[in-house]
Every structure is written in structure tokens, then in C-alpha cells.
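First chain A sits with chain B, and in the next complex the same chain sits with chain C.
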Partner chain A sequence: MKKLWMILLIPLLSGCWDSHNIEELSLVVGEGIDKSKKNDEIKLTHQILVPPGTSVQENQGQQKYKNITVSAKTLHEAIRDSLLITNTILTNHQRILIINEDVLKDIPMEAIINMFIRDNSIRRSCLVLLTKKPTKEILGNSEADDIPSNVIFELKDNEKRTNKILPPLTLGQASASLQSDGSFAIQAVDIKGGKLILDGAGVIKNSKLVGVMSADDIASLNWLNGTVKGGIIEASHHGDPFSVEVIKRTRRKITTELNGEHLTINISIGYTGRLSEDWYTKENSFKESYFKDAERVTEDKVEQDVEKIIGKLQHDYKTGVAGLYRYVENQHPKFWKKNKKKWDEVFSKADINYHIDIRIIDFGSKGGTK
Partner chain B sequence: MTQSDGKILSVELAFIISCGMLGVGMLTLPRTITDNINSPDGWIILIFNGIIIGLFLCLLVFLLKKHQVSDYYTYMEEAFGKWLSKILGFVIVIYFIGVASFEVLAMSEMVRFYLMENTPVEVVILSLILASVHLLTGKIKAIAKVCVFFLPLTIVIVLLIYLLSLRVVDLKNLQPVLGNGILPVLKGMGEGHLYFFGVELFIFLFGLVKNQNKVKKGILIGFSIPVILYVITYVLVVATLTVPEVKAVTWPTISFIQSYEVKGIFIERLELFLLITWILQFFCTHTIYFYFAAEGLTKIFRNSYTTNLIVLVPVIFLLAKIPKNTVEIFKMSDVLGYVFPFIFFALPILTFLIVQVKRGKRSG
Partner chain C sequence: MRSKTLHIKLGQKLENLKSLMVMQDDVVFKEVFIPSYECSGLFVYINGTMDYPSFNEIVRDLSVAQVVSNHPISIEQSVISKICSVKEQKVSTYEKAMEFIFDGKTLLFIEGIEDGYVLNLEKEKMRTFGEPSTERIVRGPKIGFIESLQENIGLIRQYSSHPSLIVKQHKIGTLEKRTIALIYYQGKASDSLLQEVNRRINKVKATDLQDSGMLEELIEDTSSSPFPQIQNTERPDKVLAALQQGRVVIMIDGSPFALIAPTTITMLLQSPDDYYERWVAGSFLRGIRYLSLFVTVFLSGIYISLVSFNPGLLPTELAMSIAGTRENVPFPPFVEAIIMEVTIELLREAGIRLPAPIGQTVGLVGGVIIGQAAVQANIVSSLMVIIVSITTITSFTVPQYGFGLAFRALRFGAMIFAAVLGLYGTTLFFIIVISHLSKLTSFHEPYFHPLDFIDKKTWKDALVRLPKRKNGGEPS
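Right, the complex of A and B next:
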């Protein structure tokens, strides 16, 4: 009986200031940022998951998500304003952040992602993407009840099969790059034929959007960086097209040389590949010289593409998106310290020598045509 | 081995020292070091400072053994006389109270920001203090057992989280090694001892160890566990976040764990586990300092230990309420950092020299 008072204390254990019923939360999976028509306001679109109903009839015709758009001067204010429409916003599970091009033309990217980095619940692993369409359209474009945010999030996994996608850019990486040299490329999404598509990229320089690249440019940029993880190289020999499938990277060596103030960057990359398609009717891959020729042709093709992208980076965008500054910093710390501020200028004037070595190690289950 | 003799084993000494050291430092250390030297060479500082302090610890063991110190407060009395030693002892106790309330404050700050936004901070602080008072009634033996239980848990969980992070780590960010030359590193080493908060407890623990021959081994093991964890943490965090970014975030270690998700296991987000285990470490650190504060007061005023425990509860609580914002909290740790070298370096050496002279006179 003496310990009876302990039982009376039990109700105290149930108290929790921070309890929320899960059905009263708005689970955000994606956010989109647009410019508002009203002057200097920002439009924020939340994509919120709608929990499925209990019965079959209920689920039919019901969308799995809803989009809520609000505009305000700052992003956090916009989030709080959305509480006038919906339940408490929970951003712990946010997967993507889509930014409209117009926003980045006026407002520095650093300011745009500032709130997301500061926030205690949004993770730094959330993906950042760019679009030229209003983000409301992108986030509202769904087929067969798919959730657009998830569709986009999963598309980035195809990185291993195609080289026209940039390596995923997370909030954390974006923030880190903005803190260091402030220039990088950011994957873009678009709608084509009613479908969401990863297409092209934006070039960010000093926190502002300075240009856009096509999907082929991305492939070239990936070749330059050695970040290709898969995909196809198209080329032609004897007047007929053929394709080489990338298997894996065997080496990457980047050296930088200084001659006074003049910088030379030597990039040498090695890949293995497979001759995966060949339209030439007199093909004979069993002869070594045949696919050695094919190797040479593909190498030339990649080197040409890369040269083009180097030209674009150096003369159109005048910025070292490629992250090559890291090698300069590591190999010539003193030079880097002195020229950190005018790196874009140094990069534009630098000589970049690119050499790729592709080895075709197999040709599939067919090697000759009679 | 009975409970009442109040002695600990050398293994327990190791665990107490480790738990005493692993506190808020682990979560902010990459930023403070990088801020100091402005290059990714912090791990060199950690290793060298670790070695230097390790050697100093060996020296301390030698000195304390030579004078057969069983209780540091009586030892101080022998050196400085009755009143001066009481004043010195009181300063040390204030330092202990300061660290105890700083740890509980840092914990509550972290909990408020990452876990429980609406729960009043006072409740979090008070529940932790009261829980540790409960543990402290069992004196050092009980603390030792809690440390032995919590530390392996912490280490296993933290290393597991780190292992899963290797995917996002880019060691290129740690280069160039010594890019600015050796000078900034040497300069950083001057302040490097601050990251080893907690090791000063050793001089007060020395007399409590049962087998005096194993003290050196115990203290070195206890010291090297946090040092190794610190080096690993520093390398991973800076390699993932890059130098400029590390300087910009408030809790770099937590930001680092938020930078990746694990696919395939049923949990994707791991920072929760770090936060939970780290609350345990905050609790241990807090309890250990709390114990030494109460114990110190008992030695100085010769009153009851339990009374001191109860008196210290409001003191620690109110002290933790003084800093008004995050900046002031970090300032509080700076202030404590100034006292640390005095207690860890100056005091033992000075005491030893005076006692040596006094004893020499008496025998000669």
C-alpha cells in the first residue's frame, strides 16, 4: 500500500508537448519555387501526400497528393502562410526542391536555399532541380496516379544507364559549392509530351543562373569530369553508325601545371566499353584491328564533344562548373590563394588538354556478319 | 570488492574518462578547429595534441604516484595551506559546476532544435539534472557502472553510422595537406588542448583507483578512445561538408549525418540515433562533473554529500538559464576553456613543486 502513490504518478508519463497525430500532419515530399506576379514575392508550392482512404471506392479517383501554392516575401513566411490552408507542414521527408529559372535570374541561389539549410527538419540530402516551366505545372503533372515528386526523385537513379543526367545535386552539396567557388551545374526537369523528363541543366555562377545546357552538353560535361557511370557513345565508321556501351571507369588523372600565371590542366581518363550495336554489314569483331579502329573513332568522338563543352565553359559561361578548381587548390595552394577571387578569369584563359582512352573489352554475343 | 569502499577499477577509470570527454565537443569540434586554422588540417592537430597530452598524462601519473596522492584536496592543503587550498578548491568546484550546467544546456539546446520544439527547455534540463541526482546518490561506483554500460553502446552506434556514411565522403576535400604550410597548424595546436575537455578529471580520480599500478594503462586507454573518435569524426565531417561549409553550420556533425540517406535498411535517416546516443553521453558527462562538484564541496566544507547534491540542483539549473542564445552558449564554453589549462596543466605541476620543496625541507 505504501507504493500506491507511485501508481498515481503514471499519468504523468504520458505527457508530451510535442505529440502530433500523424493524420493531422501534412507530409511534404516536394517543394517548388516560382516568382510571383506580384512584385518581389516568391511563390512556394508544396506537394503534400494524401493518405489513402480505407475503402476501395474512396481510393478510386482520389489523387495521392495535393499541391498548395502560397506567395510571400520570404520562404519561411510562405510555409507559415500555407498553414492557413492546410495542416502543420512536416518537411522531414521532403525529397526534392524544384526552382524555376526566373527565380535564379534575379535572386541569388544562396538566398533561396538558405532557409532550407537552416531548417531543423529538412535534410541536406534533399535533391535540388531546375525547371523553365512553372513549378506548379511540374508538380501537377502526374500520370496514372503517380506522385510527381517521387517520379522525378526516382529518375535520377537512371544515372547508371545514361550519361545525359548530371550526378544528383543535394541541398548539402549545393550549399557547400556556393560557399566555396559558387559555380556548378544543376539538373533541369521539363515536361515533354505530357511526361516529366530530365532535360538539360542550368549553369550557376556566383549564385546566379548564367546559362542553360542541353542534355548532350551534360553528357560531354560528364565525360570531362569523368563522372560517366554508364550510357552509350554513338559514332560511325565506314559510313554506318555503331554504339559503344560504357562499362566502367578505369582511371582518372588530373594534373595542373603552372607556367608563371598561365595554367594548364591535363585530364586523362580511361574507360572500358562494349561494342553493343553495329550497323556495318561487313563487321568482323573477331579481328582485333576491327574493334581497335572502333575504339579510336569513339575516342575521337568523345574528345570532340568534350572540346566543345570546354569551349562553352571557357567562353560562353566563363566559369569552371567542372569542379576543376579543387585540383588547382590541391596542387598549387599558393597560386590558388592568390587567384581565388578571379578564378573564373584564370579558368577561361587556361589550356585544358583532354585525353580519353576507351578500351572495348567485349562485343556482346555476336561479333561478325556474313 | 564491496560497494562501500568507493574505489574503482582501472577499466572503470578508462570508461569514466572517456565518457567525461565525449560531450558537446564531438558535435561542434569540426567547426571550432577549422575556424581556428582555416584549412582541412585539423586532424593533424588532433593527433599531435593527443600525443602531447598523452605524454603529459604519463608525467602526471608519475608525479602523483611519487607523492602517493590519495585525495587531491588534502594534497592541495599540504601545498597551499588550509585557507588558500580551500579557495582554490572552491574555484575548481565552480568550474565543475560550470561544465555540468554547460553540458546540460548544450543538450537541451540540441533537443529543442532537433527533437522537441514545443517542450519547455526547463523541463528537459530539470529532468536530466534530477535523473543524474538519482544516479549520484550511488557515488562514483554507480557512475562507473553507468559509463561502462553506455560507452560501448555509443561507440558501436556511432561507428555504424559512420560506416554507412562512407558513400558521401570525398577525401579530396581534405587536401591539400599542409597547403598553408606548417605555421597555422602549429598556431592551432596552441588552442588544441581545448578539445580534450574532461581529461582534467583524472587528477581527482587518481586516488580512487584500486590498483595503482594499472592507473597509467587505464588513463591512456580512456584518453585514446575519444581522441580516435574525434579524429574519425573530423576527417569524415570535413571531407563531406568541405572547409567553407563546415565553418558555416552550427552543428557540423549532425549536418554531416543529414547529408545522406541509407537505402535498403528499414531506416533511412540516422541522425536520430546519433542524437539519442549523444543524449546519453551528455548525461554521463554532466553526471561526472556534477559528482566532482558535490564531492569537492564536501571536501571543502566538510558537510554531508547529500546536502551538497540538493543544493547544487538549483545552482546548476539557474546557471544553465543564464545564456540567452546560441552565441552566448558557445561563449560560455570559451570561458570554461580558459580555466581548463589552469586546472589540467598549471595546478598539478605547481602543487607538485611546492609539496616537493616542503617535504624536502621536512626530511632534510
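Right, the complex of A and C next:
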């Protein structure tokens, strides 16, 4: 019996030392990083959820979130400084991290996300986004009681319906890319007409922002990578526009050839699609040849777009955002080892042959006009 | 005087018996005259134990007895022939006579005959067989045991006519002697098990055993464990199923609950209608029961640890609404949980004790006042009420009431571990419970037996109920 009492008393030695009740925590869903007006300080904006009240009256007119902005030299110090204003910060639920363009022009990305990667309470699945506007504005732009962080987070799910969104860049992927070739594209967010919008992307090279792309460029980049999951290809035939909806990728083959020091990359991609809109009054989708023509036109359209983006990547940004280095690394390890350091240079000089094969397998419930 | 042999004179017998039982007002002495032999007799019995119709019949038989002239028989022979249907034996001492009287028998003394006759005119007081109230099922036999051992044994014999079903009866108890019966199939129950059961029963030195529950505590392996190591049941079909598996059933007079030994944990989670319903439904319900057992013990603990230790593991929206409901609650989750769980336990206990007509009040008070008002008064959060309701409902799905009780109590242990160490503590508690269960034995049979993953054939039946048609229903 004496022993049993001793065992029962052991918990009292430690007490509930790790206990922290949920209502006394500040649940962070989004964070924004800006440059501070003060020199070499950065501004960190937390978006903190405000728990709903128990009654309807309480909830009326009450905002669902609050933003807290703190400046400090390092991000962790900024988090600690925010404790002077609000409850203990809980970052487990953080969904997005928005970085202002100005920050990335001066400070390497590696340094900016360093704290977030080190901290093991932030999920590696947290999204990283870029913006032209001050992040405080982005995080403060809400309509009808929406939480801006959630709005942005949920927009990325539209990836399956449009090809103008980059595949989501998570904190973990950003870190991994920075560890390897250090160049990737990062989705940008903006405010247009008072609404949050996913618009364009930033190109990161060696941890620095070297350029920005438009939404159409993102689509072309997605075509180049074969990461298109949906969306529309607009083209025109017989003088009238028509659109093809992407169904799914059937094939992707990327081969690299070495000729001395000269690199050739062959990309061959296959997709199936659906003729979703056709303005041509004399259409006849029941005829095989009509389809073949439409297919050829859309293929040409995509190939043109891709060629444009290849040109931009090779000459404007001079970086291999596309992640094509992996194929070189796998297929020519010796070459890669030698040229790892000057990959961007090699990429800029490489020949990239892009071939796409689109097959229209469906035209919906209308095929011709009499 | 007690151990003295009976006097031959009826008057003296009467006097002596009266003086021996002077304090006992319910002992009745009735004299009867047998006209043809011109002698009197004396009936001694306890008021209330006697079956009057059969008593009257014997009195009538005796008073009309005729002396047949061509074959004169003695009064002794004549009386014996009249009472032979109810006569059990003879007594010759006052002590024995008293013993039989208090056992509920009727004694008959005849003038001129030294010994008394013990007549069994006992009217057993018992209720009729009804549906077992603690183990209700939807489909299957609706008959349950009653408080009479002999009737219960009769019930078992009715459904099992096999001659190798052995019923061994003997008396137990130091003050009140109660009959207990040991029932088993010869050849199916192992010798070592029978020896062990006999050894343990012989060691019992209790003064009286009002219910099999008292015997259970005295013969089980580990009495300090919260888990019952002997199954009790009111259902004859459960008893027969257990007997056919080679288990031993112990029944005690005055208790409608039969004990089944040895018992394993899966037996306590199986209900007979698993086997009476279709196998898919049976398996499904069995799965639900295993799940609800886990929920009963750990849901409150998991709630506590998620809310006060690991809020990052909650989905964001849920975290938000929990924080919202807890906003104005003055207590930490642990205190909140304890308040609600104790309240529910009180309601349940009150529900059992309350007389049936006002039993509904408890539901009203519990449901409306505690559930609604406590949340509105910000004493507990609304989510806590939901959690407590779920754990309460799930705890009722355990087919064995005593087994469910154990888990109801363990729930508080899980809550304490969660409050001190969070999710780690909850896991720790789970490991402690599992290791305790796997260490337990029931009559040297491992308590965890079918789940020990060694004997794969029996293991299958533990979690799901598989169809039995393939081998014609033959036990595998």
C-alpha cells in the first residue's frame, strides 16, 4: 500500500507542466513578412483566429480574426515580441506564409524561411506565397467575415480546374528546392477590385527573386512541366474561337542528350481533352478529320506558348525553374556532378525540344449544326 | 437436552420441543387424532413454509384410516403408507428434529412411536421464469434463471438431455448452509480445471452467500483487478454454450446468476444474438462493441489531452469551435470533465436506486437541467456534454454489466493520466491497461486468450463472427 501511494504521488512531481488550454492560445493561420521602415528590421504579421462566441448576438459584428504586426531583426524575436500583445502563439495550424517581394529582393529566401523550417510546430505543408502588396493589406482584406488566410488556402484547390495556378509550393518543398538547385517559381497573390486573387508568380534563383511571371506564363510553365491538371486551351480555327478542356495527362517522357558539353532536352507529353466550346457555326464533330484539325491547332497553340516560356526562362531569368535538372542528374550523373555549380548557365544554352500530343476524346452533348 | 433422543410419550415430546423453541413464535404445533387406532399425532412446522392443500390431504388420509380386520397392521405401517409420498426420513433426536423444522420441513410424531417422520410439505416461494433483465437480446430465447437452484438446474436439464452433463451439489457456508451446484460436461471440462474449482470452493469459509457475486469474489484469481474474471449470466443459453466449450458452471441457491469459469475477455464482449443473427450483422455489432469500449475509456482522456496539451492535432475549424465553447468556462478541461462524468455517474446510480414510477424524473433532471443549464451557466462547455453523453452511451453497449462497470471506473484513470501527461499519458494508460489484461488469468487460463495471437483459429472468432455453414455448424 505504501508503494502504491508513492507511485500515485509521482505525477505530482511533474504536475501538468505542458498543459496549456486551447482558449488561452492564439491560433495562427497565416503569417506575412514585410520590410520594416526601420533599417534591417523585418515586419511580421500574424493572422490570429478569434474564437466565435457562444450566442448569436455575440457573433454579430465580431471579426473572426485579428492581425498583429511586430517588427524585429529576426523572425523568432518578432514572434516573441508579439507575446507582449497577445496570448501564446500556436503555429500548428498555420496554413500560409506570405512574403513581400521587397523582402526577397534583399534577403535570401533561405534566411526568411529558416526559422519556419527549424521550428517543429509549423507544418511543412504550410503554403508559401509571394505578393507585391504589403502582406498586412493582403491579410487584412476580407469580405463577408471571411478569413483571408483561409480564402487564399482554399483557392489552391482550384488547381484541378485551371492551369493558371502553380502546383502548391509548401514550406517543405521550398526548403528542399533551396537545398538542391535553388530555383523555382512561387505563386503570387494580389488584390484586384477589393478581392484576393492568385495572380502570376515569382521566379526564385539562388534564393533571390529575379523576376515575375504573369498568370498566362504560369499556364505555359505548367504545360512545359506537364503539371497541368485541368483548365482550358483557347485556340481558333476557321476564324472562330474554340476551347478544349484538359481531361488528364496520358504520357510524359523527358530524355536528355549530351553532345560534348551541349545539352539537349526532349520533352514529349500527351494529354486527352474535351471539346468544350466551339463558336464555328459549321462545326461537325462527328467527323474524324474535324477533330484532327482541332487537335493540331491546340497542339500548335500550346507549343507556341511553351516556346515563349522557354525563351523567357533561358534568356530573361536564366534559370531552370522547371525542375528539369533532375532528369540530367539521373541520366548523366557525371555531367551533372561536373556542372552542378553552373547549371543555370548550362540550362540557358541547352536546346529544349517540346512536343505535345493532344487527343480530343469527347465533345459533349452537341456535335454539329444542321 | 438438545442431543437427547426423543421421548416416547407424545405429551412429553410436545413439552420438550416447546421449551426448546420457546422464543420461536412462528413454530406451529398441531395435534391430530387418528380415530381407528385411537391415538393422536402431532405436526410441527414453521408457519408460512407449509403447502396447506397437501397438508390437508394427509390429515384427511390419516383420520379416515381403517383397521382392516383380516390383515391387522400396526399403526406405524399404516401411517408410513399414508405419508410415503412426502416422507423423507426419520429423526430420533431433538437436535435433528429442530434442524429439520427450521429447514422448512414438517415433522410428524405419533403417540407410541419414538421416532418422528420428516415430511416435505415445503412450498417453495419463487417468482416465475421471465426475461433476463440484465442481458436483453432481440432474437433468441427469452428465458432467464430465477432464485431457485433446483428450478434452474431443471431448466438446464430441459435443454440438455445428454447423460454426460454432470450436476454436483453440495452445501457451503458456515452459518447458513446453501446448496451450490457444479455443472460441467464430463470429458469436455478438463480434470485440472475441475480440481482447481473444487479446491477453491472448498476453501470458502463465508458465513453466508446471498448471491453468486459473493462466491465469485472468493474464488477468482486476482481480486484486486477491476475486471471480472468469472462471467456471470442469467441466460441458460449462455450457460449451455459455455458448458459445451468445456467450461464449468457454478450456481448457488438463491441467486439467478450462474458463474462461468474460466472466462476470457472476448466472452464478456460477445452477446448470444451475435450467433442468432446473420453473420454480417453479428460481426458488425461485435466490431461496434469493441469500438465503443475504447471510446468509453479514452474519449474524455483524448479530449482533455487535445484541448490542453496538443491543440495542434485538432483540425483548425474544430480547434476554433472548441476554443469558442470553452471561452467562458472557468475550469480547466480536466475539472470540467470530472464534473460532468461524476454527474453522469450519479444520475446513473440514482436511476438504479429510484423506484420505477419516478425513474423518469432522473432522465428529465439529467437531460434538461444538467445538459442545458450547465452549459448556459458556463460551468461546462457544450462539447464536454457531448463527449460525456457519448461515453455514457457507449458504456451501455458492453453485454456484461460488471465488465462495463470496470471500464466506467477506468475512464477516470485515463482522464487523470491525460490531465497530467497529455496524449503521452493517455497512451501510457492504454499500455498499462493492456499489460494488466494480458497478465490476468481466470482459473489459470489467460484472460486475453483468444487475442494473444498465438492460436490463430480461435482468434478469428474473437473479433468477427464468421459464417458457420461451411462445416455444417460443427464447432471448429
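Note that in this section the second predicted complex is superposed on the first by the 357 of 370 C-alpha atoms of A that agree within 3 Å, B and C clash if a C-alpha of one lies under 4 Å from a C-alpha of the other, contacts with A are read in each partner's own complex, and residues count from 1 in each chain.
Everything below uses one rule, namely that contacts are C-beta pairs under 8 Å (C-beta built on N, C-alpha and C of every residue); 3 or more make two chains touch, one makes a residue touch a chain.
Bear in mind the structure is a predicted one, so any value in this text is a computation, not a measurement.
In the superposition on chain A, A:Asp18 makes contact with both chain B and chain C.
By the touch criterion defined above, A:Thr170 lies against chain B but remains apart from chain C after alignment on the C-alpha atoms of chain A. When the shared chain is aligned, no partner comes close enough to touch A:Thr281: not chain B, not chain C.
Of the two partner chains placed by superposition, only chain C is touched by A:Leu49; chain B is not. Contact with chain B, but none with chain C, is seen for A:Ser180 once the two complexes are overlaid on the shared chain.
In the superposition on chain A, A:Leu90 makes contact with chain C only, while chain B stays out of contact range.
Under the contact criterion defined above, the residues of chain A that touch both chain B in one complex and chain C in the other are 16, 18, 92.
Residues 113-120, 123, 172-173, 175-176, 179-180, 240-245, 248-249, 255, 258-261, 269 of chain B touch chain A in their complex. Those residues of chain A whose C-beta lies close enough to touch chain C in the complex are 11, 14-16, 18-23, 25, 27, 29, 49, 51-54, 90, 92-93, 95, 121. Considering their complex, residues 16-18, 92, 117, 120, 123-125, 170, 172, 175-176, 179-180, 326, 329-331, 333, 337 of chain A touch chain B. On the chain C side of its complex with chain A, the touching residues are 307-309, 311-314, 316, 319-329, 332-334, 378, 382, 416, 419-422.
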